[in-house]
Amino acid sequence: MSDLVTFGETMLRLSPPGQERIERATELEFRAAGAESNVAVNAGRLGVEATWLSKLPESPLGRKVTATVESQGADADVVWSEEGRQGTYYLEQASKPRPTNVVYDRANAAVTTATADELPTERIERADCFYTSGITPALSDTLEGTTADLLELAQDAGTTTVFDVNYRSKLWTPAEARPVLESLFPAIDVLVTAERDARAVLGLEGDAERIARDLADEWGFETVVVTRGAAGALALHAGDVTEQPAIEADTYDAVGTGDAFVGGFLTRRLQGDGVPAALEYAAAVASLKRTIPGDTALVTPDEVEAVLEKTDDGIAR
Amino acid sequence: MSDLVTFGETMLRLSPPGQERIERATELEFRAAGAESNVAVNAGRLGVEATWLSKLPESPLGRKVTATVESQGADADVVWSEEGRQGTYYLEQASKPRPTNVVYDRANAAVTTATADELPTERIERADCFYTSGITPALSDTLEGTTADLLELAQDAGTTTVFDVNYRSKLWTPAEARPVLESLFPAIDVLVTAERDARAVLGLEGDAERIARDLADEWGFETVVVTRGAAGALALHAGDVTEQPAIEADTYDAVGTGDAFVGGFLTRRLQGDGVPAALEYAAAVASLKRTIPGDTALVTPDEVEAVLEKTDDGIAR
Amino acid sequence: MSDLVTFGETMLRLSPPGQERIERATELEFRAAGAESNVAVNAGRLGVEATWLSKLPESPLGRKVTATVESQGADADVVWSEEGRQGTYYLEQASKPRPTNVVYDRANAAVTTATADELPTERIERADCFYTSGITPALSDTLEGTTADLLELAQDAGTTTVFDVNYRSKLWTPAEARPVLESLFPAIDVLVTAERDARAVLGLEGDAERIARDLADEWGFETVVVTRGAAGALALHAGDVTEQPAIEADTYDAVGTGDAFVGGFLTRRLQGDGVPAALEYAAAVASLKRTIPGDTALVTPDEVEAVLEKTDDGIAR
Amino acid sequence: MSDLVTFGETMLRLSPPGQERIERATELEFRAAGAESNVAVNAGRLGVEATWLSKLPESPLGRKVTATVESQGADADVVWSEEGRQGTYYLEQASKPRPTNVVYDRANAAVTTATADELPTERIERADCFYTSGITPALSDTLEGTTADLLELAQDAGTTTVFDVNYRSKLWTPAEARPVLESLFPAIDVLVTAERDARAVLGLEGDAERIARDLADEWGFETVVVTRGAAGALALHAGDVTEQPAIEADTYDAVGTGDAFVGGFLTRRLQGDGVPAALEYAAAVASLKRTIPGDTALVTPDEVEAVLEKTDDGIAR
Amino acid sequence: MSDLVTFGETMLRLSPPGQERIERATELEFRAAGAESNVAVNAGRLGVEATWLSKLPESPLGRKVTATVESQGADADVVWSEEGRQGTYYLEQASKPRPTNVVYDRANAAVTTATADELPTERIERADCFYTSGITPALSDTLEGTTADLLELAQDAGTTTVFDVNYRSKLWTPAEARPVLESLFPAIDVLVTAERDARAVLGLEGDAERIARDLADEWGFETVVVTRGAAGALALHAGDVTEQPAIEADTYDAVGTGDAFVGGFLTRRLQGDGVPAALEYAAAVASLKRTIPGDTALVTPDEVEAVLEKTDDGIAR
Amino acid sequence: MSDLVTFGETMLRLSPPGQERIERATELEFRAAGAESNVAVNAGRLGVEATWLSKLPESPLGRKVTATVESQGADADVVWSEEGRQGTYYLEQASKPRPTNVVYDRANAAVTTATADELPTERIERADCFYTSGITPALSDTLEGTTADLLELAQDAGTTTVFDVNYRSKLWTPAEARPVLESLFPAIDVLVTAERDARAVLGLEGDAERIARDLADEWGFETVVVTRGAAGALALHAGDVTEQPAIEADTYDAVGTGDAFVGGFLTRRLQGDGVPAALEYAAAVASLKRTIPGDTALVTPDEVEAVLEKTDDGIAR
């Protein structure tokens, strides 16, 4: 049975309608999202049995998070806590030249105190694949340790470990991030990184292939995926490089595109496809995500196939 | 007096806000639309006395339909039925590469049992023009017969008959559609067809002019209009071919563009214009439709004129 | 392990905002609800492991149903069907003297073709309790048989069978309903009925206790619960009668009150309480339901306890 | 054929959601309403062929008015004007002790220049009944003359004239209103007045019956209806007094209750009923209106009958 | 010149529409409110020059707070901080038997680090009146000190000090609160307390008058106001007791009623009225508040006068 | 201290959601805006102490205007009037080929009777800069005089006078506008004009530089700014010409772009920058405005700097 377990923080997402500014908004869209539950949902919808692990406050805010994750196609297996907040972020959608703006309000979230001891780690050990991202160790010293613990116990159990660098400049500096990330690398099988993060945070140079090869050489990753936004992605696996162009999309909501890519990639890898096929599938899921509000690719396998087959003619009726 | 009567199904239209997915939506926009009432409304607003005939369930849902049609500028003259449902469709607006998706829930609508006997056919006989589309005979065996009956009685009364092929792949296959459509052709004066439908359903080949000529030759249509989406339209009338490019639009809601084209075309034909002027007017109405939510071109004659005269400079104040 | 399985139709629920009329509404609230999934959700939130079984169309509409049920605290284990519609109802909230109005659009729903063979009946057999209502056999001849089959296989497996008469005058007449319901009674352990339905449909007379005793005497029910709206409820169990007054509520949305009552009652029975304690708990859940929009009692066990302990003073801060 | 024609101003109605204050609102509900179109709509829905006459600006604002009236069940036959504004009112719904507040912005509306010459007065002459209210002559000197002209030509044509005093303290003082109203009384057959207006504006004393008899004696009205809010209404016709209690309602939106009463009363009078039956029907329509947002009683004849028969039990399903 | 300065925390207020639950809500109303800015706004609208002091994060969230306060009629003079969060609360409106629920998310707000040194204390010294509440010292040790400092410097400057006990059980226990509050009492001129808080937190007994006299005797308050919810309020001033019944209201949003009472009371005291007249005015402002969404009494002096004069008759038009 | 005072009309702005048509809209967005308060707000947010002067009706509609202006960062110092309306405009957002449509409903606004005598002109005299636009004298004869009076007293007091031609074809013709504008020019220091207006209204010819030089030569302006939409702007100051290209933006709401440009320009001029730097800053503010709903550039100085430094990469997190 294919099986994916992820661990990380999922926040409430509060955003004004359209491109309204927070300071003038009188109502906010209310969603919940986080890299690791996004990946679980994205894969869960496409045929993978996917579970997201976390720690949440025992409150209506925490229940909003699990209700959201479970309604979208993944399992939520969380530790309920009397202590700690529910992490939150405010999102102002914008258009050029104004950047989409994220205001984090995530300090002291319940998840920042989560330890491997209290989590249902047997689910990781029984899984085919375990995923978390560089956001998790950035959130607290405790989580830095927990991330390391979970990756190690996954590795020990033979569960493939997947890690997305996902650098967030509002959480830590490159100088803070690099040693922490590198301390985790030995326990990671599949590394995903934006080319930009590889340069700015990991100090790598050269083109995407050079970056992938340097990472694989230094850390022994089984697979390295380097994402390049509109320029597509490149993967290095067993010495072979695959390049995958991005699939063009009219963007409606860009947040979560990277998680959609990872969710699609892992889905096909877990279903037995090779890296090139998985990359192409990932690109299709990512392009669909950009057409959907919220952080997840709320799509069906048929819809991904239609993108790959380019069968669409604008209106299906 | 110019006078247009149309007959067909009008459905409720339920659509999530923005590009939200149905499965996650918590509220739906609620409109009513159908090709034949769209054409009546589009023409009715532009100066034609237009009436839409149909059969609806005696319920709040049926009343929503007539209230919608009558508030927009056409008359609704419907048979109220104790039996049968109100046809409904769900619409998910999307953007590339995700197609706008229509989920039909229209089986067993009251209109599927409508017969010529119960309809106010004298309105058709007294009209200058009668319009229906290929959707109507696709809905039920009864409606296949009713469509034939209405076209024939219109023809017998000297009312010009206009028919838009409007092929819908979710209703029937090309193999099912072709013989039904061809059985209706002898009673039709003006045929409108998408170039794509002409190929896929009617089995025609060659360019748009070839298609138009083949259709006119085989069935004796007085006028054939071949629409080609962004490539514009072409009409064959009295042996003369007119090509009309599409007028560029930033699309806000594409549904109903074809009906806007037909509504504009018939308006000007009924007002005495020749085919070339009517085609140009149709292109202007169609381009305006694309800027308006819902299925109809909720515009005034002045606004169409402004498009034709290109007088607009972005903000009128 | 306590365990509840339910089976029945869950519909989409479309309702205008506030007390607006359907025919003038331009947007509709979009929810999903049905007696049997309501009961599963209501119990699932209060500590019971609850699963709802059904058959749904493979479409965004069907997925809206499962997403709704699963986000609220019950499992949805459904057969996905290529055939059949998604049942829908329109709800117009109103106030005296205008009745809240339900417009059903549920004919030919996928669930109407569900047979015991295709359902995961082993879940019923392994459960402590199986629940369905009189709505289910009213929906189709097939479902009449399926209801009988499921009740029998539950009974054979030693699963307690619970049945709420839930008479719906828009689905069938008392004369149609009575023989069908009575044919199911031998396989039922716990019967719930509104006093009004007992009179109008089952032809019983006398006060609520008389009704309960007559039902128990004639059909051998282990427990009979007679609900009386604002007058509370009465239960007969092992020869003992318990009366439970209704708990006063300022009603915000009355739909689903009966299902909240049953959900609360079953929760406590499954958790080992006697009938009197379960009735009181049921009354508390029902009163809370009336304060919440939608068909389910979206509450926590703590909130139910607070009602029973009358600790509330208006604002908790 | 029964036939009602009304004449008067219909305004745009802008109101914040819920009980929000205008100064803080960021969105407004957008409707259109006025006493005379309300009466036409209310009667039109209940079986009367009803037409509202007015003068509107040729603009999207004027078209909003006709679209609203026509979607609800009456005909709008209006003079389109290049001059003059579209009258507007802002409505703040409130609850005790805060009064619902109306802010008029209706000065210089196009209708204030309407003369009998430009209106389709033949529709009044051919009608069974002509209705206007005391709001109309309050709006301008021109309309004071037009009101007199229309009442006279109706009277000359044998059309029954109906007039509701409808005193508005934000439009004129009692001292201004009384002579104008009294100058119109000779041409009026059926007078409707709130008891409060009869006292404050017309200077009458005594109880409602005394008021009705004094009015009938002095001015020779065929029928006098005195409305008394929660205390019901009283009619004097052919020397006979009928008292009609109000039918209790949980009020959702009180605006337009009086127009619903008149619409119901005229419907039944035009359909041949006597005054007592018409009064009872009027009370039912008025009570239903109070449950519906907006100024009109958007109901069906069946719904009115259900109120009269008290068949409702809270939820119709 | 009359002049009121207040100091305290103002939070964002996020609430689902109607009585929806947070865990199912998909949009939230977005306001900002806090006891001390509420009092400043309430007085500011009624004729007092009112300023609210606080410390806020330099972010869109902080700016939402000042925009809200300044748009409603008070000045906001805040210290902008790079550190600390924006306090937030989630509000679930409910109805009996479900309590309106407040979920605080206010830990580590920027204001919790505010010291007298960094605040514009000269505004307090120049004011006629300084107001804060028992919420402020409950928020942090720093704020406990700051509250004491501000009250003392106000007292030293001859500014009347007003303090509302405003006990919040989700912030501290009675045992924690009592010594802190009592340490502040010597610097307070006017004490406002709910009767319930006086009992539960301050350990007082007897009826409201007894409580007021005991407080005045022990701490030397110039004025003591004891509020009793629906039972009205009682004030002790210069030895005289005044009782003021509550003014009945159909409640739309109860939050902020106490602050409206205080705002009204201080307005009239600052304008020179005696305690009885100020209490009556306070009751009117409080009753109006209950009809208005949000935490403030968004009213005009004329509207308060109308309540006192009982001139309202339901609809003002 | 830098200091800007503006004078002019601010209207309510009512707009349907998205691109819906007014005649079908059922709710309207409710904002307030006008060129002169826009400029005050735009500058006020960016560091200038800015005050807007006007005359408003004493009503909730007038209060909506001041609440809006004050919540955004400018002071509103208005004369409250018992007479006159609140000017209003309806806005239909559209896309090519349909123009965004403004329907004015501003006749007889209170401001049209404002005279210099009743305004707080000492604020103008003490200011560094006074701004109004060509809309103001177009509104009434009284305002034509008031505009002249205010410009003269500003000039006499040594306050820099700034005037934007802002021609509105729905208010007056070029032939009406030109003599009025030219009569004001002698009192103006800084003239801003669209190139198009300079040609159509002022009768100038040649390119933008030619226009600027001709204006400066004829009227002696200290600075002339000619705006050219997408082609950027050009300024002539002390004989030197500066050209500033427009900064590209994905437009969300174009209304108010010109006012954003002026607000940005004046901000930097008042802060001591030269014309070239001020022009560049103005272009950045204008480009940001286009991404924000409503008429004002609701931005921070940091956001403007980020545009100038091109540091944005799409999502800031």
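The chains carry the letters A, B, C, D, E and F, assigned in the order they are written, with residues numbered from 1 in each.
Basically, contacts are C-beta pairs under 8 Å (C-beta built on N, C-alpha and C of every residue); 3 or more make two chains touch, one makes a residue touch a chain.
Nothing here was measured: the structure is a model prediction, and the numbers come from that model.
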Label-sorted list of chains bordering both chain B and chain E is A, C, D, F
If you list every residue number at the chain C and chain E contact, are more than half found on both copies (same) or fewer than half (different)?
different
Selected pair, greater C-beta contact count between A-C and D-E
D-E
Report, in whole Å, the distance between the mean C-alpha point of chain B and the mean C-alpha point of chain C.
44
Inter-chain centre distance, chain A versus chain D - centres from mean C-alpha coordinates, in Å:
62
Find every residue in chain C that makes contact with two or more other chains and list them.
21, 23-24, 26, 67, 71-72, 101
Which part of chain E faces chain C closely enough to touch in the complex?
18-21, 23-24, 89, 94-102, 104, 168-170, 254-255
Taking the touch rule as given, give the residues of chain C at its contact with chain A in the complex, in rising order.
67-68, 70-72
Hey, which residues of chain A end up touching chain B in the complex?
71-72, 247-253, 284, 287-288, 291-294, 298-299, 303, 306-307, 310, 312-317
Which part of chain D faces chain F closely enough to touch in the complex?
14, 21-31, 59-61, 63-64, 67, 85-86, 88, 90, 92, 101, 103, 105, 107-108
